[in-house]
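Here come two complexes built around chain A, the first alongside chain B, the second alongside chain C.
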Partner chain A sequence: MNKKKAQRTFIFGCLAPAVILAILFIAVPTITVFKESFFDKTDLIHDGAFVALDNFKVLFSDERFIESMQNIILTITLVTLVTLVLAVLFATLLTREEFRGKNFFRVIFYIPNILSIVVIAGIFAAIYQPSNGILNSFLEMIGLSGLTRAWMGDPDIVNYSIIVALIWQAIGYYMVMYMASMSSIPENLYEAASLEGAGKIKQFFMITLPLIWNNIRTTLTFFVISTINLSFMFVQINTEGSLGTEVPLNYMYNKAFAGNYSYGMAAGVCIFLFSFALSGILNNITKRDVLEF
Partner chain B sequence: MKEKKKFSLYKVFVYVALIALAITIIVPIVWVFMASVKSQSDLVQRSPWSLPTQVLWSNFATAFQKARMGDYLVNSVIVTAMSIFFLLIVALPASYVLARFRFKGKKFFNALFMAGLFINTNYIVLPIYVMLFHWEIALQVQDVFLNNKIMLSLIYAATSLPFTIYLLSGYFQTLPKAYEEAALIDGCGYFKTMTKIMIPMARPSIITVILFQFLAFWNEYIMAFTLMEKDNSTLGVGLKFLMADQRAAADFGVMYAGLVIVMVPTLILYILVQKKLTEGMSLGGLKD
Partner chain C sequence: MKKMVALACAGLMVASVVTGCGSKKDDADKSGGEKRVLKFDSFSGGNGEEVWKDLEAAFEKKYPEVDVQMRFEKDLPAVLNKENATGTYSDLVYYNVGQKSGFTESQLNSGEVMDISDVFANAKDVDQAFADSSVSKYLGDGKNYLAPIMYTPGAFFYNAELIGEGKKYALPSTWDEMFALGDQLKKEKGPALFTYPVKGYFDNTLIGMYKQLGILDKALSYDDSTWTSKEGTKILETVGKLVAKENGYLFKDTVANANAKDGFTNNQQAVIDGKALFMPNGYWVKNEMSKTTPEKGFKWGVMALPAFEKDGKRAIASFTEQAWIPKQAKNSADAKKFLEFIYSEEGAEIMLKHDIVAPVKGITDKIDKNSDLGKAFATYSEKNVETIVGASYAAYDKKALPKLDFNASLYGPIDDIATGKKDVATWKSELIKLWKELKANPVK
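Here is the complex of A and B:
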């Protein structure tokens, strides 16, 4: 009996700090986001009145919010497609091919992932600088000065410049992920295919891709979530949402601090639900019968 | 003969693709390192690909002193160290208990932490700010909850709990039961069994947590930007202000020196532990 009590005390003592911290700094703030989106709290001090869905009604006809959603959909689509293709390609090359310096490439490709988003924003500010920037001066050097642009200053291309930065940041991370799951595919499958006369490309589509499919599906969720988050910080640091680069989380952040707290929270709820819905849809339409080896 | 030629062409393609990507990563980073010791006239008037006419270490001195990157660096070290400390002393016992004991409400607590995996700090940073702000008003205090390094560390630790507990309890579950049974029979109490036997056995997973969370805490930006005042903040925030100031003052060398100061610690850590880091990823497999 005493032992049982001692065990219960022990369990309680071990769990209590973690549970208290998680409730206080994760659960309560999350509930607050949803709750406040139904109120009309403006500044940070006074409580607002209940307004039901009014914030959302305004939000859905708010041009800037619509622009931010368009931007994020474009960004997620392009970042996911390009990064996925490149990361799978490079992972295949580094896992399946025999050549020197494999490890060197793996180490280099992963570097952007360990850099702070502020550093990445700074590096790309240097790359995209209109006069004497890395990209423009490189284009001039190889005789393509007609292609130089104000990469972060031209509203027509600034969003694509941001997308390139996000792809640069992401490739190495996903490549390492896919490499981990590719290296667990047994070698004899490839040997058998090779004996049957299947070329490298056929081997890729018949063996590699089906066997890492589940891993790719998982990363689709990561793509959605991390693109929403990283584009926010990149935009917050570099353009502050000007020039048509607004993204939903940045809109939420600025609105909430600028006297429209509840309205900002409503924007947060929208993008939160959007990311869930999109992840769910992607997860469902990519469902295939799992192949095992 | 023909087969061989095709093969080598393919190899050329492989190398070109790999080297092209490697260049896009290495060149900008090396360029920033070089620019950090260039004078303003070098940066503005000469080609960005030319070597510096003189190596200007004073950019770093200016960044450390005038832009106060030295203070920010100290703050980052303190906050990162405290956050990892808080995280481990809270997450380890909780993970152990969730992995090894059967008790009422276990399912609920597991679900609570699993749900937490889906909440990113970007969404909740403002409610946290408002909550702390109200605590300060209610208790009529200042710099206790907001603009306080201990509080910031505690919040870093709290928001990292779901991922850490997921990773650590997964590891605890793989450890053999025989050790703790033997310890308990020998009269070792629950607490002692945990601290003396089980936690040391979980060392590989603890190292993984420390590595990942060092990078996460060191690189964290939006929480520090929101909760801390400019003078008391961490490196990322300091760099953001430095970048904004130097762009206006057109003193790019100092800005690049600031970038280098923030980058170097993570690069050094990465060089030392890159193998562990990329291996640990397949174990954790989560992204910020």
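Here is the complex of A and C:
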């Protein structure tokens, strides 16, 4: 009994710091955001009156906020789909195939991930520059000058230009995640499959994909969170939300710290619930029996 | 026993933290006793830090008992918001109205900016037009809150080696001549007529146009007739004609550059490189672009807004920069002295050494007439030119209008017109609605 008690105290002692930090820096601020969204505070300092759901009523009639939500849904969908496919493809190639310069490619793919988003914004400003940017110059060089565009200045494509930059940034990170779980798949499974006559593609769909499925599910939540965050930073640095590129976090930031604190917090609550719900839905619809080796 | 030791250690740690804080406070108090600290927080912008360091040195020489502690921050609102939330306030802040963050406006609206009317009563040299300007008396209650500390002509900038008397192109004096020049450029496949760094640079262009057409007061006070009137429509149509995609007057990369990181410098560079002829800007552009400006073949020129008819009125709106004192500043007395120092002969001369012009009487006589700065300021006294100083839109109740984004609503459509996404008629109807909302919600 005494030993059990000591064990419990030990476990409690070990968990306490993490729990206290989580409560202090995650739970309390989140609850505060919810609370503040029911007031009409202009900033952090001055008190405001309780206005119940007024902020939300205005928010749902705000075209700019609705536009920002539409943009983020488009961005999350495309970034997740394209990055997932490419990252899994590259990860398979880099773990399953033997070719020269494998390590070189690993590094190259991962580099964007260690760059700050400010640097990435700078890189893409240079790539997308209309007259002497890398992309348009390249298109002209290979005789496709008909395809050159004002990538950041055409309302019809500017959102896609941002999405491409986000995908470029994300691939390396997810590729490394998938590689980690792929390399733990025992080689004998592949050997057995190939003896049975399964080709590379069949092996991928029958062995690799099912065995990294749990990993993919986890990353789906990361996709939602990181796309919401990074699209904010990218938009804040580049377009500042003009030309129909507004994203929810940028909108929230601009409202919360420019005299409409509580209104910004209401937007924050919506973003929180949205990302929470989306992650939950993704998690549920991708639920499969966990396969183990 | 072990428990006792652990407890004692923990107690010691807590004590050291507490005493650590305590001793720090003592230090601060002590230094406060010897020298009064003046905490001056500035955003780090186009004018650089040198001018402030020179002002600081001269001020400390004059008032040896004051220690000016300068701080420059790229994102000043973020820093100050955090500090204010913990009860720490600057003594003097240099941050303009009209910024995207709307920080200064928020502070004004929530009554956190000190009434500094006495500074203007004491500073004998200050140009009265600035002391009485709507930007200084921002809240419209007759009191001064913001101190306009420098100004520059916010007009059309161009290459004086390329345009002007005896140069390749003649300087247009009316909008008709301006567009005729644009048509000529299109015909000879020359440079574009116009570009803008980012849409917000139209602020002084619009204000200048209000003045030219006699609707300045109406527009700034959100009068209902502003945009339904003949004059208001003319302004929107002129700007629309200048930037609309189908007209081809605008440098084609303008919007794409404006929407990329630091891309506004590419638009400014287009004027330097001769790809576009005119742009709205302020004199700081010379300093900002000095590294990529060739020594030969380029000289900054400043032109008042073209007249709407032959020999008609032209205008230059001055871009002013402002400093203010937080209401909760600990050392507001020295902050006021610092402002008075900027408005003194000595302070203004220090600023002038850095090509920065303070709004004091007779300062323009001290500028070398042959210098670039002298020529830029000479446009103020050209024929038919009216000047506007420190004009600002009336304060409105931000709290009542959470959806509203003033800058995005007023200037945003310029980008949209330039990309063909919107037309002038839509811009007009949006502005009519916007003005109605603003009029109905004055600051409380």
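Throughout what follows, the second predicted complex is superposed on the first by the 261 of 293 C-alpha atoms of A that agree within 3 Å, B and C clash if a C-alpha of one lies under 4 Å from a C-alpha of the other, contacts with A are read in each partner's own complex, and residues count from 1 in each chain.
Just so we're on the same page, contacts are C-beta pairs under 8 Å (C-beta built on N, C-alpha and C of every residue); 3 or more make two chains touch, one makes a residue touch a chain.
None of the values given here were measured: they were computed from a predicted structure.
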| item | value |
| --- | --- |
| Contacts of A:E67 with chain B and chain C, given as first, second, both or neither | neither |
| Partner chain in contact with A:P155 - chain B first, chain C second, else both or neither | second |
| Partner chain(s) touched by A:G268 [first = chain B, second = chain C, both, neither] | first |
| Touching partner for A:F10 - first (chain B), second (chain C), both, neither | first |
| First (chain B), second (chain C), both or neither touched by A:L44 | both |
| First, second, both or neither for A:A258, with chain B first and chain C second | second |
| Contacts of A:I237 with chain B and chain C, given as first, second, both or neither | both |
| Partner chain(s) touched by A:G122 [first = chain B, second = chain C, both, neither] | both |
| In the superposition, chain B vs chain C on chain A residues touched | B |
| Overlap of the chain B and chain C footprints on chain A, listed as residue numbers | 44-45, 118, 121-122, 124-125, 237, 257 |
| Complex contact set, residues of chain B against chain A | 10-11, 14-15, 17-18, 21-22, 24-29, 31-32, 35, 43-44, 47-49, 89-91, 93-94, 96-98, 101, 103, 109, 112-113, 116, 118-120, 122-131, 133, 137, 154-155, 157-159, 161-162, 165, 189-191, 194, 215, 218-219, 221-222, 235-237, 239-240, 243, 247, 255-256, 258-259, 262-263, 266-267, 269-270, 274, 277-278, 281-282, 285-288 |
| Complex interface listing, chain C residues touching chain A | 77-78, 81, 84-85, 100-103, 105-106, 109-110, 112, 199, 252-263, 266, 398-399, 402-403, 405, 408, 412, 415-416, 419, 421 |
| Touching residues on chain A, where the partner in the complex is chain C | 40, 42-46, 55, 58, 61-62, 64, 118, 121-122, 124-125, 128-131, 150-155, 158, 237-245, 254-255, 257-260, 263 |
| Residues of chain A touching chain B in the complex | 6-8, 10-11, 13-15, 17-19, 21-30, 32-33, 36, 44-45, 86, 89-90, 93-94, 97, 99, 104-112, 114-119, 121-127, 132-134, 137, 141, 168, 171-173, 176-177, 180-181, 200, 218, 222, 225-226, 229, 232-233, 236-237, 249, 252-253, 256-257, 261, 264-265, 268, 272, 276 |
